[in-house]
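Encoded as structure tokens, the structure appears first; notes follow it.
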Amino acid sequence: ARRGYPEAVLCEGKTMDHLVAIARAVGERGADDPEALGTILFTRATAEQAEAVCRELTGAIHDPVARMVAWPGPVPEPSGGTVLVLCAGTADIPVAREAWLTAQHLGRPTELVVDVGVAGLHRILARVDQIAAASAIVVVAGMDGALASVVAGLASAPVIGVPTSVGYGAAFEGLAPLLSMLNACSPGVAVVNIDNGYGAGHMAAQIAATG
Amino acid sequence: ARRGYPEAVLCEGKTMDHLVAIARAVGERGADDPEALGTILFTRATAEQAEAVCRELTGAIHDPVARMVAWPGPVPEPSGGTVLVLCAGTADIPVAREAWLTAQHLGRPTELVVDVGVAGLHRILARVDQIAAASAIVVVAGMDGALASVVAGLASAPVIGVPTSVGYGAAFEGLAPLLSMLNACSPGVAVVNIDNGYGAGHMAAQIAATG
Amino acid sequence: ARRGYPEAVLCEGKTMDHLVAIARAVGERGADDPEALGTILFTRATAEQAEAVCRELTGAIHDPVARMVAWPGPVPEPSGGTVLVLCAGTADIPVAREAWLTAQHLGRPTELVVDVGVAGLHRILARVDQIAAASAIVVVAGMDGALASVVAGLASAPVIGVPTSVGYGAAFEGLAPLLSMLNACSPGVAVVNIDNGYGAGHMAAQIAATG
Amino acid sequence: ARRGYPEAVLCEGKTMDHLVAIARAVGERGADDPEALGTILFTRATAEQAEAVCRELTGAIHDPVARMVAWPGPVPEPSGGTVLVLCAGTADIPVAREAWLTAQHLGRPTELVVDVGVAGLHRILARVDQIAAASAIVVVAGMDGALASVVAGLASAPVIGVPTSVGYGAAFEGLAPLLSMLNACSPGVAVVNIDNGYGAGHMAAQIAATG
Amino acid sequence: ARRGYPEAVLCEGKTMDHLVAIARAVGERGADDPEALGTILFTRATAEQAEAVCRELTGAIHDPVARMVAWPGPVPEPSGGTVLVLCAGTADIPVAREAWLTAQHLGRPTELVVDVGVAGLHRILARVDQIAAASAIVVVAGMDGALASVVAGLASAPVIGVPTSVGYGAAFEGLAPLLSMLNACSPGVAVVNIDNGYGAGHMAAQIAATG
Amino acid sequence: ARRGYPEAVLCEGKTMDHLVAIARAVGERGADDPEALGTILFTRATAEQAEAVCRELTGAIHDPVARMVAWPGPVPEPSGGTVLVLCAGTADIPVAREAWLTAQHLGRPTELVVDVGVAGLHRILARVDQIAAASAIVVVAGMDGALASVVAGLASAPVIGVPTSVGYGAAFEGLAPLLSMLNACSPGVAVVNIDNGYGAGHMAAQIAATG
Amino acid sequence: ARRGYPEAVLCEGKTMDHLVAIARAVGERGADDPEALGTILFTRATAEQAEAVCRELTGAIHDPVARMVAWPGPVPEPSGGTVLVLCAGTADIPVAREAWLTAQHLGRPTELVVDVGVAGLHRILARVDQIAAASAIVVVAGMDGALASVVAGLASAPVIGVPTSVGYGAAFEGLAPLLSMLNACSPGVAVVNIDNGYGAGHMAAQIAATG
Amino acid sequence: ARRGYPEAVLCEGKTMDHLVAIARAVGERGADDPEALGTILFTRATAEQAEAVCRELTGAIHDPVARMVAWPGPVPEPSGGTVLVLCAGTADIPVAREAWLTAQHLGRPTELVVDVGVAGLHRILARVDQIAAASAIVVVAGMDGALASVVAGLASAPVIGVPTSVGYGAAFEGLAPLLSMLNACSPGVAVVNIDNGYGAGHMAAQIAATG
């Protein structure tokens, strides 16, 4: 529980041996003092990695779409302002869900809205009240990343943009929405790494902590 | 008048000597047979280049904001469908104006609307009828280039996106809106080179030729 | 049938669960009001995805080369001007076919010509009449992307360039023909995303709608 | 005062004529209803642009280091939590000052600390209490951009990273710290455009609004 | 006269002091044994640099368009096969002329043809006999660089492509034609650095040495 | 036999159906008039593709290291000057062999020397006579690509550089040796696409045709 | 034993046939004169490659995490100053271990410390004495690469930075830490290729040779 | 004198006001305790900046080619092993001289050799004894950066590569030699930022401290 927030373990790139050792160490620390440890999130876990972690940590919960394992599983009682996660397309759902679950595990009330890309503006315009009510907003979009600018223009809360690697060709694995969001023509947008739903959910939860 | 359209001379990168020689040759060809030649557009001309061209070609008209010289100056009687040029910010005006003038010289009725960036959606929503009525639409935007996706979602006419070099840092001289527009999440968008108002106006005029 | 055109579903990047849910929803909307819905195109579908979609939507037709599923299958009666699809090499055929099928489903008369790369100019010169007669032209090419400039120099109709990821090394997955086409030295070229046959076919069909 | 925050005019890239027209319009709107308008910030203004804006708007204040003009000049009574601006090197001061002034004009109590780069860790370790007390932190750094990761590891408040174009060679005009900050190994960092002090100050002020 | 060819001094990037010292040393070596030294070419020379070199080396000849100084000035009696330099646009002339002069000073018969870009194929088709007769061909082109592929398709001699920095936006200072030429769809093309007329002329002269 | 040289078919990216159809057509053309057709080279063929081609074309020869199939198999009687292929490391052999076989099938006497990277200069210095005697030299190298500059400094024949994708990390799939060879500090180097052994062998054979 | 140091064979990119031939040749040279040959390191070996090498060379030792085979297996008696290898995260261990083993085989006393990333500064601050005592330091880090700057600020020994491909999205396969380390704001840092633990260990061993 | 080495002030990017304030503070610290402070190096100083620094610090020495000011001016008595600086071309001299002066001010015996690029191998082969005798070697080269690999193959001392921005076109401001040096095919090379002579000289002096 560094600085009062749950820790996270990035599974990607770790050998199975190293990951299991980490999970075991977590379990031992948690056995000593569960309060102090708080929740641990395992992110970007393959099915095989998730299974191994769950074997080590009784009561862990695996969300296969978000590729996340949380231990202990139950989310805390929500407090602070609402974190709203908006997601442009269906293919962005895994990243959006990672942000949404992270904010829940950091203790915020959360809402998740999918398929509100700017190609059909009416879909996002139908959400203006929800946007106005949020304390922090996460916008998840690939391809043109245009949703971040549009939402920030409608919101008074800060917007965290998460470019995704959804798209092909000149999307260059997420470079297009990354640059697009960094150049958002509305103020009130800051950006995290491509596909970094965890980072966005964490940041949004920090922002909304004080309502 | 290759393929029935006015010719263009790209002034940028040409020495003064070469440019003057070209203008002189144009004047001579025009003197022989003005009909066959049609209008000649000199694009991306510095003030000094424009002056030199105007000295060679009596009756040429210089638009310093668009950095364009047209000879002969008067635009033809408009025919075909309307070309609508939409421009996100004030700094994009030179490029937008280049597109608008080009379409005029290719014989289309034209409209130019500036400062309708997506940071304030109401500005573009106020234009939905104008967008619906156009036969071809040029969208000029820098930074996030998000306007192209939003407009294409509202239009049934084809949209030509012109990314501009407006912006700084991670706009990388127009790379950000270029990639963003190439990845437009609405169908019906095609893209020309960064700052290429001439190319967009030409293409839009071709599209709108048949209404 | 947003803005009067068929909808498209990009299969790439979607989980099988999400895709099947979308196909099912399409089927239900179509059962309610087939007219209003019009054709739905499923693009960039793997064999497995295509099969799943076809299972949901009776009468759907799958083109494995173009990786496209259309539902309902039959193309509409053609109207408007001709869309001509030109393709530089054999390896570009999947993308060319995607453009060609899309334009057909949007209701245009279409022609598809393959293997007319600029290495053998006589092949493209043999097509000048066909080029002159088209209302909109799609040029599909990888590697040097030079075909777009050459065709635009011969055509009075607008040219939509589709760079492909065909090539290796310094083609950088389609970057080379993308940049080449954006810098086409002939006017009348606009460009869509790398391998985006669907987008090009859509745009060309819009352009040729009015002949 | 869109969405309750001061508006900003990006001076860079605007012609003098357009900028003066905007300043005049601002002055007229402000004469009608100063409350509703609130403060206007003119950012990235050259000396010449700043002078022209100040001529139009009586009482405007120009900060030449931050290249910013504010009208009306006085900052509002501070409310909300503290915005802390940390700046790695002397050459980053212009951007840091832009962030700091923006947060002040948005009504936050602010602190500015310069020359705390990670090459001498003691300098940043001497600030841990100040870091702990802030509600939002802006980290301004060029070159390796390492300060963002280090500060986020010490803070529980969110960190807005501003990569700067300070550096040479493989800094590639700010690309190095941009990528570095987007990959910050500590959670709680989000990033704005290179040199975008205004955007960071705005975002930090939004975050700290509720303390 | 390393390996039997004239030496070259790249003036760009050299201080005036260093350049003058090099010119002086050349003059002294030449005074000792003019035969052994052969011609020296000073490339990419500013007007001021060229003047300084000419002051040191009596009889040197300066071509300001090619930005080249040659000493001794007269070209050798031509031998070997013909080097043909083809140039797409007027703005490419300086680079084309640098290639042409270099090949002359290396002792080849040379021809220079300008303004044969692929936008008007008839211009290049009018040159098929000249192309067939050459022993080595240099193609100089910016923007789409398409001329290299087209010419190589018509020639049996090797083609050296010189991409130029002519163009703007997505030409990215010559990157577009560089990649395009490296991906030439005709065999028989090899490429030198952007704007490197000297290198192309040298290579072509080597190739044509044996007819 | 376009322009007097064997044709080549790039297998990569072609579907098995298309490739077999091409091989069959080749076989039919060859049956009509073997002289006129000459040799056909199938390049970058997978094992499976090579097998399919060999099934269609009796007497075809497959070189699995070079990934090339030639039909008819036997190389012509050599004429012209020698093509020397130099290869920096063991991992570059497939590309080097592709160049070497291509030059053989185009009718040149050839030599192939491997493992002469610049890390051990004595290896390349032991080859100075062979280098001096060649009419055209192909240098195949990945990683730093330094061999091209070193060889060109020792040779009077033209050097064709082939950067390879050998290496990792900052080799960026061949970008490092590509840029390095384009910036060769010795004159007399021109470059083909990354891993393009075929193109280099073709070009070298053209150069050496006249000895 | 070129220049007194063990040789290395980069396995990646080599065919199994070529690799086995190299191992066999090594074995034969070693049989003739083991002293003169010294240790041979086989780097970046897959499990299958390592097995093949070990079959050829009796007594070879395989470290599967570092993907390295050494022959003969035992490390020499250490001499010179200490090489300290510091590693930011668990996923960087393979590269760190490659550096550490290389330095051992080059004869240095070594220390390996893992999981000291800058997100928790206390971890690196707990190592200041170890850092002060080292003669050469290797810093292995992905993502932001910030550890190199922080360590160099604490050390008087030279630091060799090894950026790793650990991370995702805007880490761009190691580009982010590469650029970050090249722009280290502390002096005393030099950088090797992404994931090049071998190169870093070699360089560090050279530096520490004289204590 | 952090960590026992002279401090450096990077002048580039600093306003004149900030730079003068820094110089003044240095002067005051030096007046209090000259021993403890040691030498201060001001790097990448414009003529105007250098003049201002020299006005503040009596006895400072300005090297205009290296763009460096040192205070106090005299270099210390040399100790430790020799630092050898090798420089490929005349245009690289400013960077080479910056490395050379830095190593002198850090107390090493130094040697500077210019114009030993690999285009003429005899020049570098004439230096093998000098290379063998050095304790640390700095290689300064632009364009292909090939000198680093060649020298490292001849040396047993570590090589610090400094890529320079010398070159044009595809040198991309030093990217070409940067990548080339990072991929040096000889072990024993590590790289600093483009044009970073100071960093290389510092690192080499650290390495050679113990002979």
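By written order: A, B, C, D, E, F, G and H. Residues from 1 in each chain.
Just so we're on the same page, contacts are C-beta pairs under 8 Å (C-beta built on N, C-alpha and C of every residue); 3 or more make two chains touch, one makes a residue touch a chain.
Given the structure is predicted, the values throughout are model-derived calculations rather than measurements.
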Chains touching both chain B and chain H: D, E
Sharing more than half its contact pairs with A-D, counted by residue number, which one of G-H, F-G or C-F qualifies? G-H
B-C against C-F, pair bridged by the larger set of C-beta contacts: B-C
Express in whole angstrom the distance between the two chain centres, defined as the mean CA positions of chain B and chain D. 35
Euclidean distance of C-alpha centroids - chain E vs chain G, Å: 46
Approximately how many whole Å separate the CA-defined centres of chain B and chain G? 56
Give the residues of chain F touching no fewer than two other chains, as numbers and ranges. 2, 89, 119-120, 142, 153, 167, 169-171, 178, 182-183, 193
Sites on chain A touched by chain C in the complex: 65, 90-91, 93-94, 119-120, 142, 166-171
In the complex formed with chain D, which residues of chain A make contact? 2-5, 8, 81, 135, 153-158, 160, 178, 182-183, 187-193, 198-200, 202-203, 206-207, 210-211
Per the contact definition, I'd like the list of chain A residues that touch chain B in the complex. 88-89, 117-121, 125, 142-146, 148-150, 152-154, 167, 169-172, 175-177, 179-186
In the complex formed with chain A, which residues of chain C make contact? 2, 10, 12-15, 18, 22, 44, 163, 165, 173-174, 178, 193-196
